[in-house]
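Got some structures for you, see below.
The two complexes that follow have subunit A in common; it is paired with subunit B in the first and with subunit C in the second.
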Partner chain A sequence: MSTTIDDEVSVETPQKPTKKQRRAANIADAASGGLKMLLAKLLMLGLVDAIAIYGVIILASAEQWLVAAIVAVVAVIVNWIYFSRRKLPAKYLTPGVIFLVVFQVFVLVYTGYIAFTNYGTGHNGSKEQAVSSLMASSLQRVEDSPTYPVTVVDQGGTLGLLVTDPDGEALLGTNDEPLAPVDAEMDGDKAVAVDGWTTLQFGEVVTRTDEITALAVPFSDDPNDGALRTPDGSSAYLYLSNLEYDEAAGTMTNLDTGTVYSDIGTGAFTSDSGEELLPGWQIVVGFDNFVRAVTDERLAGPLVYVTLWTFAFALISVASTFFLGLFLAIVFNDMRMKGRKYYRVLMILPYAVPSFLSALIWAGMMNESFGFINQVLFGGASIPWLTDPVLAKFSVLLVNLWLGFPYMFLVCTGALQSIPEELQEAATVDGAKPWAVFRLIKLPLLLVSVAPLLIASFAFNFNNFNVIYMLTDGGPRDSNAPIPVGFTDILISMVYKVAFTGQTRDYGLASAYSIIIFVIVAVISVIAFRRTKSLEELN
Partner chain B sequence: MAAQQPVPGTQTGLVIGEAEEFADASTRASVSIARDGRGGGAGRELPRKPFNFRRWFFATGWRHVVGILMVVFSLFPIVFVISSSLNPHGTLTGSNALFSAIGLESYVRILTDPQVPFLTWFGNTLMIAGITAVLTVFLGALAAYSFSRMRFTGRRFGLISIVVVQMFPQLLAVVAIFLLMSAIGDWFPAIGLNTHIGLIMVYLGGALGVNTYLMYGFFNTVPASIDEAAKIDGAGHARIFFTIILRLVAPILAVVALLSFIASVNEFVVASVLLIDTDKQTLAVGLTKLVSNPRYADWSAFSAGAVIAALPVVALFLFLQKYIVGGLTAGAVK
Partner chain C sequence: MRVNKKSLLAAGAVAVIATLGLASCAGGDSGSEGEASSSGTLTVWVDAERVDALQAAADAYSEEKGVKVELVGKDNADIKDDFIQQVPTGKGPDITMGAHDWLGELSTNGVVAPIELGDSAADYLPVAIDASTYEGTTYMLPYAVENIAVLRNADLVPEAATSFDDMIAKGQAAGLTQPFVVEQGAEGNPYHLYPFQTAFGAPVFGSNDEGYDPTDLQIGNAGGEQFATWLGSQGKNGTGVFNTDIDGDIAKQAFIDGTAAFWLTGPWNVGAATDAGINVAIDSVPSPTAEVASPFAGVKGFFVSSESKNKVAANDFLVNYIGTEDVQLELFKAGNVLPALSAAAETASSDPIVAGFAAVGAEAVPMPAIPAMGAVWQYWGIAEADIINGADPVTTWQKLAADVQAAISK
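Right, the complex of A and B next:
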């Protein structure tokens, strides 16, 4: 290609174009683009730049300087690439690469980071957020405190309280902003409106009661000063927390019981007896999650059997679908047989139906007490297809065989037909029996071309979340494990459950499991690709 | 699918000689000279042989037995779901007597139930999967074009790293995706958590991947001399790509679009984590929640929904079958 920009010497370009040639090619390229192309390009780039500028402004106002800088740099690079006369490959690669970097590479790295934190239920913010949330959740009304007349005001969906203090001064605050003096319009001795805010009418106050009663406007920056809350939208009372925060010592004291909770570096205020105040905050915990996953007895047990089952599931699924598919390919690869086309179409239907639907349908049919299989095929027996640890594994494998054999059937048919006829003839002339021809000639050749697909299929089944989740939901549940794991869970469904189901979500542990799976998958694929290379040399 | 090659004699357990099989195939329908009993090899020297059930059975008949068994195995869940979808008010138990009642009430129920926004889910799914498919093909084709037609530093590295990165599926990083999207949602609610655009963007993270590889292989089969001829005629790279190459590689574009479409329709994990409101969800998320307990669920309404949901995909699949088989086996056979 005359428009290359590189200096890599490759087989396809024996000669590097001279500078003159490159310039000529660039001019020709630019000349051929035409005005329409140029306009389209400008329009697209303008759009990208507009979005980038908007993004930078928003991010800067949220004080996310690093992210804003990244967005700006990316926008500059994109402009540079598309206005440059060169960088031709980059013009074609950039759009896809941006998505790849953000949603594959970055999230992968980010997963690694989360695995080293205690991110999860009760630990999902900063320490300041945890403090204010603790103070707010332990507010109690102070007996005999003065009554403050209030007006509820709104600014772009954010509710605020316009408070008149006993001295007749107007103060305004929201959940996040402590009370501050404002110039307000007074009605008698009650402030009723303020510039920039909409005063809520009675009807609105009624419809937004839930929001209004949840308002807790801090008195000052010090959380120990308490907050104003209004039960009815017209008068507010002082609420004080029964917790006292000592910023210098980093401790929380429960004023009712006198218990002191201190920050001992575990991401939550902890009392001497080990009791934690939640929510806590997010900290980096190092290898704790990994150590916990493999040494905590109640977690290590499930991890081991889930890993073993994941391997068994993936291997058996690949083997069973491959052999059934190969068998069928051989059976239907006979020209004398009539109606092969119809059989083929009917047999690939399982592959065409979206797999989440098939798995749900099978789950219904395998239901222990109401399912078709027990009720009709087994005459009312109650075989626990999905609720017995062993039978459930069998059911999962059976359904996955149903889902997967058409793919292997198609692939094997293609591979069989591409094996040259002459090989077979030569072998027959030499006196080989059909079985020998198959075993010694066709199968090795077939395996060479199908092996990469078998590896891909293994990788797919290794993370085949849908079948497991829709069919058994990983069940039957293992009641001894502290995480919601069951006997048919594979690693990926275990990650999902640890992260997103149940009362406590443990993102840190889930990410640690993800990293463990990454490592396993990486090791397998390296080994597998080495193996297939050696197979390819057969050819 | 390409024309069938006869590959006789490869069948396990089939030990009749090859010559005989061919003779059998060419003469089966013809008139026989004389029936000579059941001896399989008795008519070997004759050019025409009588129809012999046993020989026919061992040569091709048993294949039909296998075929029928497999068709029953393949179709039985599908027949079951069609039957229960036609059952006017069936629970799971009521669906067991196949085709005992026929009516379209359950279709009406699933389409009009105010608790179950089935049509919204259906529309969401088609829209998300459709846009994802189109953009995946576009981004992938751009990349495949540059890998196939240009030589640049880091080309090999780029090709290999695309494959390596793809080995780690997105659903493993679902926690990070969730946290990333909720952070984006704090600053840009339009593309963050609980938006379709956000979900599509996450899916596009996988646009360069196996699909690009598939397309790259196909692009390589288009002779470069076509590009060169166009270039001599004064066409630039963009014109060559959009007006020449894209048309020549249309079959693989269709295959990749379909595979990507099906993958997005089936995708559950990321969709269930990112889409929170019921009205925003996809079929995979909505229908799964709907029958999370099949015992109490309105099974026939679910079945009706499943039939409606599967129809477009199955229709597309059967319509494009020829290309899909070609695309899959092209990967297999190289």
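Right, the complex of A and C next:
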């Protein structure tokens, strides 16, 4: 190691260094990068620390203590690792681990967390936000009440509204004091200042928005007369609220009907008759989403055949693309084939176009009345490529084959070329027919390297949202199903429809489904990988 | 400290972390584009195409009131979901541009604050105010009203049609096999078919004094069945006027090529037609019955975030600036959609195309914004597409009504 050489140099050469020693020192310097590298390293670490400190300050001011602590700890660890003389593996691993945590682990953990909550439309924020939103929307302007020009005034930190009533009289009130007549200085028809109070300019009004939003001046001693509020600092309106929040009891009372809505732990104020006030708030609901995903009768029926079709779609897609790719790879690997290079480029073309774009183009070409396929290839026949349940499944598989075979072609070409020619020659000499050579020698050897990719391809197609969404959008719709699911929907596109279409989103349910799908794919992959291990014994 | 050769790698690694740190700060701390600041700056999310139109108003407001207005251009397709997700985290903008049919969803999620239009409410088109109100509370400052109408190729058919049958007859007299096009697609397009449905007296929901009433589903009434029967008679097994293979692009092409003389569509497609040299006239939707065929009106406007720290400035900016004739006209020029403010609408109507859409808009009804509407959309189009393609109209329609009812009361 360079440091050892360096130590020897400094310790064992008190006199003028010999030529050999100088050369050794030079090598050490060159290897270590010298002062410039040190400066660069300090600069980089300084930058990281600066960003970390900035992040911690921002997070702390937002009271995100946990995240702030994590950022601080990570920053300290990073400094410790890179200032240490050892920790060589850690120096290599740290960036990767951080990326892994941010982009993979966090996403997984967060999805898992959401799956156990009721996050979705109507349960979007915290309880405080729900309460303040309900209170704000419960304010009703008193019918036929006039617009009051107002001036916001301040006395020792207490805000008041200086109101000009329709008769031109000036009135003053605060949150605690109902409106009372005062002698005010008038500007035209509007009272603008009063003795003992400071008039707020618009800039000050803006900076004290929170107080002004909370400012409700009672119209009289009787609370049923309502209160004046000003939404913009220059005019006020008389409002009555039809909801009352009792913080101690945690209940909302509708003042018009007398209905009491209480927090019964479902994430929304609920009346005795089960009526919910929305917005509600987010709570952890345990396994509710998972239970609902498999037992809700609206979802469970379609779930069975969608799952079956998903398996069929993934398996057939893998098999068809693999065999077509393999066939073409063998054909183009044959030395007797002329112009192989050009054909190979052509084969890759579908791979070069983004799949969602080509899927859209295919959707256009398969239009029953106007599509290229029916109009040109079938002479104007009206074949319902995308609107007949069976034909639509076939079309999806066909398009996915078109999109997927170039990948298999590439993989198989590479794998075939790595199989030694001698094996084939030896087999031929021994009298084996070409098919036997392929089936007994080439294919098993090929599968050793390709099988893991086939499993990955299965996992990919299991969640191949793009093709389904862009080509048929799951259609044709099954008009008998209670949810908007179609005959070509696979699990992931069904989840998308259940959770994200229409005006109600259900992120909790979607996350629960994602986890279920993840488990299915993981189990299948593990089993398949174990079985392919036996292939490796061939080598 | 001596630096060994691994420092080079270390430095590289540190660079990566620095980038990552920056990325996570940008992602985690400041939200995406705009953090609601404590004071002095209003962040406004605007449809990217309208940023320029609003810039002048924003600058003027900043100058007069000393409150900086920061316009953030957003892709129209992302605004609603981003808004719903960011507001509860305290990020998000103070104000966002949007459409009135988002209202139910925004309100149910508690992310919008009420807006008091005060006396200026009377200055807007009534349909705009109706659409901005949800359960009796106004949440949106409207700036544009949008509805569909029939575009007529005046060179092919010089006179407006008086009824649906008259329209087809006039087109056929002009020598066209498919005189009328309207976009459908495999899953149907109830938005574009709604005028015909209303002509048979079948609205989706009944209404009360607070707006549409989700408990009063009207779609399956007798008028609905009559509409379904008529739709079936104009479908695959009938006259073939409606065809689910005709999507937006095919309909547009047919009109531009002159193979169709009538096209039921919105103002957003007029540009394409006039650019292609078609002499376009705007007609109201020819009714298949004696009643008026009322399309849906879509109203666009601005919402204030319920978590905004600048509600006073936001209200002031919207009501007293965006609600003025000048700004409404600027926005009109950017989108060519009828302004919601009556005075601006009148000025804009000097353009015959706009006046044509405005005349049809006077017969329009606001699209329901209640969340229950989501359940309707899920089944509506597919039922209509089935009927067009030959399914039994009445039973299909009754199943639609039953499915919607089941989904709403779920």
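Operating definition for what follows: the second predicted complex is superposed on the first by the 395 of 539 C-alpha atoms of A that agree within 3 Å, B and C clash if a C-alpha of one lies under 4 Å from a C-alpha of the other, contacts with A are read in each partner's own complex, and residues count from 1 in each chain.
Just so we're on the same page, a contact is a pair of C-beta atoms (placed from the backbone, for glycine too) under 8 Å apart; a residue touches a chain by one contact, two chains touch by 3 or more.
Computed from a predicted model, the values in this text were never measured in an experiment.
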In the overlay, answer first, second, both or neither for which of subunit B and subunit C A:Val97 touches. first
Could you look at A:Ala136 and tell me whether it touches subunit B, subunit C, both or neither (first, second, both, neither)? second
One more residue to check, A:Thr504. First (subunit B), second (subunit C), both or neither? second
First, second, both or neither for A:Met37, with subunit B first and subunit C second: both
Of the partners subunit B and subunit C, which touch A:Pro484 in the superposed model: first, second, both, neither? second
Contact-wise, after the overlay, does A:Ser320 reach subunit B, subunit C, both or neither (first, second, both, neither)? neither
After the superposition on A, what does A:Ser271 contact: first (subunit B), second (subunit C), both or neither? neither
Check whether subunit B or subunit C contacts more residues of subunit A in the superposed model. B
Quick check on the superposed pair: does A:Val48 touch subunit B, subunit C, both, or neither? Answer first, second, both or neither. second
Applying the document's definition of touch, where does A:Ile58 land relative to subunit B and subunit C: first, second, both, or neither? both
Where on subunit A do the contacts from subunit B and from subunit C line up? 1-3, 6, 31-34, 37, 55, 58-59, 62, 88, 91-92, 95, 99, 102, 367, 369-370
Residue positions on subunit C within touch of subunit A in the complex are 1-11, 13-18, 20-22, 24-25, 28-30, 38-40, 65-67, 84-85, 87-88, 90, 104-105, 107-111, 113-116, 118-119, 135-137, 186-187, 243-247, 250, 306-307, 309-313, 315-316, 319-320, 371, 373-375, 377-379, 382-383, 386, 389, 396, 399, 403, 406-407, 410
Touching residues of subunit A toward subunit C in the complex: what are they? 1-3, 6, 31-35, 37-38, 40-41, 44-45, 47-48, 51-52, 54-55, 58-59, 62, 67, 78, 82, 85, 88, 91-92, 94-95, 98-99, 102, 121-122, 124-126, 129-130, 132-134, 136-137, 139-141, 147, 202-203, 205-207, 209-210, 212-213, 230-235, 237, 278-279, 298, 367-370, 386-387, 473, 475-477, 479, 482-484, 501-505
Flag every residue of subunit B that touches subunit A in the complex, lowest number first. 1-2, 4-15, 18, 21, 24-25, 28, 59-60, 63-64, 66-67, 70-71, 73-75, 77-78, 80-81, 91-93, 95-96, 139-140, 142-143, 145-146, 149-153, 155, 158, 162, 165-180, 186-188, 201-202, 204-208, 210, 212, 227, 231, 234-239, 241, 262, 265-266, 268-269, 272-273, 283-284, 287-288, 291, 294-295, 299, 302-303, 306, 309-310, 313-314, 317-318, 321, 324-325, 328-329, 331-334
